[in-house]
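The following blocks contain the structures, represented as C-alpha cells.
Next, two complexes with chain A in common: one pairs it with chain B, the other with chain C.
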Partner chain A sequence: MGRTLFEKIWDSHLVVEKQNNPSLIYIDRHLVHEVTSPQAFDGLRINNRKVRRPDLTIATMDHNVPTTDHSLPILDQTSSVQIQTLEKNCKDFGIKLFDIASPNQGIVHVIGPELGITLPGATIVCGDSHTSTHGAFGALALGIGTSDVEHVLASQTMWLEKPVPFEIRVEGKRKNPHAVTAKDIVLSIIKNIGTGGGTGTVIEYRGEGISDLSMEQRMTICNMSIEAGARAGLVAPDEKTFDYLRGRKYTPKNFESLVDTWRDRLKSDNDAKFEKQFVLNIDDIVPQVSWGTNPGMTCDVTETIPSPDEFSKGDSNQKKGAEKALDYMDLKPGTFMEDIKIDRVFIGSCTNARLEDLVAASKVIKGQKISSNVKAMVVPGSQLVKKQAEELGLDKIFMDANFEWREAGCSMCLGMNPDILSPGERCASTSNRNFEGRQGTGGRTHLVSPVMAAAAAIYGHFVDVRKMDLN
Partner chain B sequence: MEPFRNVISIVVPLDKVNVDTDQLVPKQFLKLVQKSGFGKYLFFNWRYDENENEKSDFVLNDPKLKNSKILVAGDNFGCGSSREHAVWALLDYGFSVIIAPSFADIFFSNCFKNGVLPISLNEKDVERLQQETGIVEVDLENQLIRMPKDEILFEIDSYKKKILLEGLDDIDQTFQYEERISEFEKLSTVPSVL
Partner chain C sequence: MKGNVIKYDRDNIDTDVIIPGQYLKVHDYAELATHAMEGLDPDFHSKVKDGDFILSGKNFGCGSSREHAPIALSHSGIKAVLALSFARIFYRNAVDGAFLLPIEIDKDAYDGISEGDEITIDVSTNEIKNITKNQTYHMKPFSEIIGKIIAAGGLFKYKPDQD
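Right after this comes the complex of A and B.
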C-alpha cells in the first residue's frame, strides 16, 4: 500500500522502531532559542554530556529581545541573563549562534527558511510549538519541550509515538486573494476542526488552494497547525519550494542533486491512506477575525459575535468556555464584528512577519494615517526581512502612517519583552494565539491577517478589507 | 528522576476546557534559567488579583483543597505553547497526577519527562472524579484509580509506564542504542548546516 509524505519521512528517520510504543527517530536540524534551552544545557553539564552534532544545531535569540535599538543594553535584568546564558551555552558547546548583533538574527521560524537551513524531507525540532512552520517545505517539523531539547542535544534523536496522517484538502480559488489570505484559510480550518481537531496527527495540506500559495503563505498555514493541536503540519515540496531555497546563505552545496531526489520522493502516493480527512472549499471564504480566547473562536468579519449556545452546539463544557471568553473579551453576542473598536495593532510574529506580509499591509496603509485612537507597530520577523523591507521603502510608508517600525523579534506575540498590552486594551494582531493574557495581563487579542490588521489601524475598528482598493 | 509511587490525595476539580500553557505559567515567568520554583506562578492570573491577593473564586485557593496532588480538568488540557515550565509549575506546586478527557501532545509528552502522570479518561469518569470529595488513590502499577466507593481502570503505554515506575533517565535509555545511531549517521544524506 502507498505511503503518505509524512510516513515516508518517518520511515527514513527511524533509528529504533517499536510497535505501539514510542520509536527513536533521528533529527536533521535542531533550532535553539534563549527561553526553552537554559535548563537543557544545565542538564548536559550535570551529567557531563556533550552536544552530539553541533553541526546540525543553530541558535538565535528572539523571544525576549527588545525591538527597540538592538545596540543598546537590555534593561530587563532577567531577559538579559537569559540572553547571556544562551551566548555562554553556545560558546561552551560549540553551537553557531545568530546573536542580537547579527544581520541574520530573527524569529527562529523566520530565519530557518530564509537562510536555507530548513530542508525538504528533513526532521526539524525546536523548543517552540510553532516549529510546525518549517513543514511548509515538506519537512517533518516538531515543537518539543526542554527535556527533549536536552535529549536531542545529547543524542540527535528523540522518542516519539507515531502520529497519524491527517489530510486537509483546500479546494477552490479565492475571489480576492489580496484581501482573503493564507491566514484566513488557516483560521477557517481551525474554526471548523477545533483547537483539538488535529491532536495526535500530522496534517498534510493539499489541493489547489495550497499549491496556489507562495512559500511564505504556506508557512503561515503550517505555522498554525499547532493551534489545531496537530503534532506537525506539512505541504509536499514543489518547484516553488526549490526556487525559494535555491541560493540562500546555508543552502547545501549539493542542492541540485538533492532536489532531484526530493522531486521524485517527497509526495504522498496516490493510494496512500489518511486516517482523518477534512475538506475546505475557499471559493467563498471571507476575512476572518477571532472573537474569543482560543483560535477556534473565530468568525467571518461580516458576522456578529455568536452566542455561547450557537457556538457550543449543545456541548455544555464548550458553552461555559465561550461564556468565559466573552466575559474576558468584554464582548456581547450579536455585536457586529465591524463595530468593535481597537486600541492597538500588532503586525509581526512567526505567523505573519515575512516580507510578503509587510508588503501586503503596506499597500493598505500607503498614503493614509492610522486612527488617532490607535497605537500601531510593525515588528519584522528578522533583520533580513527588515533590511529587504527598508530597501522597498516600506519603513517610510508605515512610519508616515504613524506606525512604529521596530527591530526583529517575537515581541508582542507573547509579550516577553517590553512590548505588551495594558489591561483592557484590545489589539488587532497578526500573531497566532488569542489566549487570555497572551499579549499582556488583561489584554484582549483578535487574530487577523496583515491586511485586516492594517485596515483596522486606519479605521480604529475592524473593517472588511475587501471593500478597500488594494491594487 | 524519582520512581513514581502511588499517589493518595483529594482531587482538585478544575472545570475548564482548553486550559492552555499560557494559563499554567504566564510568559512573564519564563525568564528563569532553572527548573525549580515555578509552583508559585502556576495559574498566576487566575489565582491572584492585580495586587497579588488570592482570588477566592478560584478553585486552587479553596483552603480544603490546598494540599492536593491530583488535578482533574477538562478536554484538551495543556494546549498551546511547548513550554515545559507548565509541567515544572504543576510539579513544584504539588501535583503529580493530571486527569482529563484529552491532553495536547507536547504537554502530554513533557509530563513523562518529569515524573508527572497524565491520565486520559472518558468524560463520564472525569465528571465522576470531579465530584469526588473523598480520598483517591492513583495506583500506576495496577493502572487503577481507587475512589472511596468505586474504582476506574486507565490505559498507559508500557514504555511510559516503565519510565515512570523506575524513574528512568530517557537519555541513558537512548545511549543503549549508540551503535544504531552511529550506523544511521553513516548512511544519512542530510548535509550539515554550515
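Right after this comes the complex of A and C.
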C-alpha cells in the first residue's frame, strides 16, 4: 500500500522503531532560541555532554528582544540575562548564533526558511510550538519542550509517538486572493475542526486551494496547525518550494540534485491512506475574525457573535468555555463583528510578518491615516524582511499612516518583551493565539489577517476588506 | 497516589493561563510556581496543597511548547493532571521531566469526580478510586515506553538499552 508524505519522511528517519510506543527518530535541523534552551544547556553541562551536531544546530534570539533600537542596552534585566545566556551557551557549545546585532536575526520560524536552513523532507525541531511553520516546505517540523531540546542537543534524536496522517483538502481557487488570505483559510479550518481536531495527527494540506498559495502563505497555514492540536502540518514541495529555496544563504551546494530527488519522492502516493480527512471549499471562505479566547472561536466578518448555545451545539463544556470567553472579551452575542471597536493593531509574529504580509497590509494603508483612537505597530518577522520592506518603501507608507515601524522579534504575539496590551485593551492582531492574557494581562485579542488588521487600524473597527480596492 | 482534586470544568486549558508568557524568564521553579494558573484562577496558589490533582476537560495544555507549564504545576504540588484529553506537547513535557502524571480519563470519571473529592490513582492497575464518593473509574494505560520513562523518573533516567 502507498504511503503518505509524512510516512515517507518518518520511515526515512527511524533509528529505533517500536510498535504502539514512541520510536526514536533522527533530527536533521535543530533551531534554538533563548527561552526554551537555558535549562537544556545546563543539563548538558551537569552531565558533561557535548552538542552532538553543532553543525545542524542554529540559534537566534526572538522572544525577549525589544523591538525598539537593537543597538541600545536591554532594560529588562531578566530578558537581558536570558539573551546573554544564549550567547554564552552558543559560544561554549560551538553553535552558530544570529544575535541581536546580526542582519539575519529574526523570529526563528521566519529566518529558517529565508536562510535556506529549512529543507524539504527534513526533520526539524525547535523548542517552540510554531515550528509547524517549516512544514510548508514538506519538512516534518515539530515543536518540543526543553527536555527534548536537551535530548536532541545531546543525541540528534528524539522519542516520538507516531502521529496519524490527516488530509485537509482545500478545493477551488480563490476569486478574491487579496481579501481572502491564507490566514482566513487556516482560521476557517480551525473553526470547523476545533482546537483539538488535529490532536495526535500530522496534517497534510492538499488541493488547489493550497497549491495555488505562495510559500509565505503556505507557512501561515502550517504555522497554525498547532492551534488545531496537530503535531505538525505539511505541504508537499513543488516548483514554488524549490524556487523559494534556490540561492538562499545556506541552501546546500548540491541543491539541484536534491531537487531531483525531492521532486520524485516527496509526495503522498495516490493509494496512500489518511486516517482522517476534512474538505473545505475555498468559495465558502470569507475574511475571518476571532471573537473568543481560542482560535476555534472565530466567525466570518459578516456574521454576529454567536450565543454560547449556538456555538456549543449541545456540548456543556464548550458552552461554559464560550460564556467565559465572552465575559473575558467583554462582548455580547448578536453583536456584528464590524461593530467591534479596537484600541490597538499588531501586524507581526511568525504567522504573518513576512514580506508578502507587509506588502498586502501596506496596500490597505497607503495614503491613509489610522483612526485617532487606535495605536498600531508593525513588527517585521526578521531583519531581512525589515530591510526588504524598507527597500520597497513600506516603512514610509506605514509611518505616514501613523503606524510604528519596529525591529524584528516575537513582540506582542506573546507579551514577553515590553510590547504588551494594557488590561481591557482590544487588539486586532495578525498573531496566532487569542488566549486569555496572551498579549498582556487582561488584553483582548482578535486574530485576523494582515489586510484585515490594516483595515481595522484605519476604521477603528473591523471591516470586510472585500469591500475595499486592494489591487 | 492519594490527594484532593481541583476541578476546572472546561476544555482547552492553555499554556498561557497555566503560566503566562511574562514568567518564562523566571528560572527559579519555586517562584514560577507562585504564578501557576494565575491567568485562570488567581486563588490557585493559595489553595493548592502538596499532593493535589487537577481535573479538567479536553485538550488540556494546548498552545505553547513551554515546559514551564508542567514545571509550574509540579512545583505547586500537583502530582497528576486528569483530563479527557491532552495537547501532545504538554503531555510529552510532563512525562519527559517526570514533573507530573498526565492521566487520560473517560467521561464517567470526569463527571463523577467533583472539586475537593479525595481520590487515589494506581497506575499499576489503571484504577482511580474516589474515596469521597466510593466510586471506581478506569484511566487509559500509559504506553509501555511512556510508562517506563515515568517509572525511571524522566527521559534522562530511562535506559532504552535495557529493553
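Convention: the second predicted complex is superposed on the first by the 470 of 471 C-alpha atoms of A that agree within 3 Å, B and C clash if a C-alpha of one lies under 4 Å from a C-alpha of the other, contacts with A are read in each partner's own complex, and residues count from 1 in each chain.
Rule of thumb we're sticking to: contacts are C-beta pairs under 8 Å (C-beta built on N, C-alpha and C of every residue); 3 or more make two chains touch, one makes a residue touch a chain.
On a predicted model such as this, the values are computed, not experimentally measured, just so you know.
Because the two structures share chain A, they can be overlaid on it, and in that overlay chain B clashes with chain C.
In the superposition on chain A, contact is made by A:Gly200 with both chain B and chain C. Of the two partner chains, neither chain B nor chain C is touched by A:Glu167.
Touch criterion not met for A:Glu356: it reaches neither chain B nor chain C. Between chain B and chain C, B contacts the larger number of chain A residues.
In the superposition on chain A, A:Asn20 makes contact with both chain B and chain C. Look at A:Asp55: by the touch rule set out above, it reaches chain B but stays clear of chain C.
In the superposition on chain A, contact is made by A:Asp148 with both chain B and chain C.
Chain A residues 16, 18, 20-22, 24, 35-36, 38-39, 47, 63-64, 76, 78-79, 81-82, 127-129, 143-148, 150-151, 159, 161, 163, 195-196, 199-200, 226, 229, 231, 294, 317-318, 320-321, 324, 414-416, 433, 435-438, 441 lie at the interface with chain B in one structure and with chain C in the other.
Against chain B, the residues of chain A that register as touching in their complex are 15-16, 18, 20-22, 24, 26, 28-29, 35-36, 38-39, 42, 47, 49, 55-58, 63-64, 76, 78-79, 81-82, 85, 96, 117, 119, 122, 127-129, 143-148, 150-151, 154-157, 159-161, 163, 195-196, 199-200, 226, 229, 231, 250, 252-254, 258, 261, 294, 317-318, 320-321, 324, 414-416, 423, 433, 435-438, 441.
Listed in rising order, the residues of chain B touching chain A in the complex are 15-18, 20, 22-23, 26-28, 30-35, 45, 50, 74-76, 79-85, 87, 102, 104-106, 109-110, 113-114, 157-160, 170-171, 174-175, 177, 180-181, 184-185, 188-194.
Taken in their complex, chain A has these residues touching chain C: 16, 18, 20-22, 24, 35-36, 38-39, 43, 47, 63-64, 76, 78-79, 81-82, 127-129, 131, 143-148, 150-151, 159, 161, 163, 195-196, 199-200, 226, 229, 231, 294, 317-318, 320-321, 324, 414-416, 420, 433, 435-438, 441. Chain C meets chain A in the complex at residues 9-12, 14, 16-17, 20-22, 24-27, 39-40, 57-59, 62-67, 85, 87-89, 92-93, 96-97, 143-146, 149, 154-156, 160.
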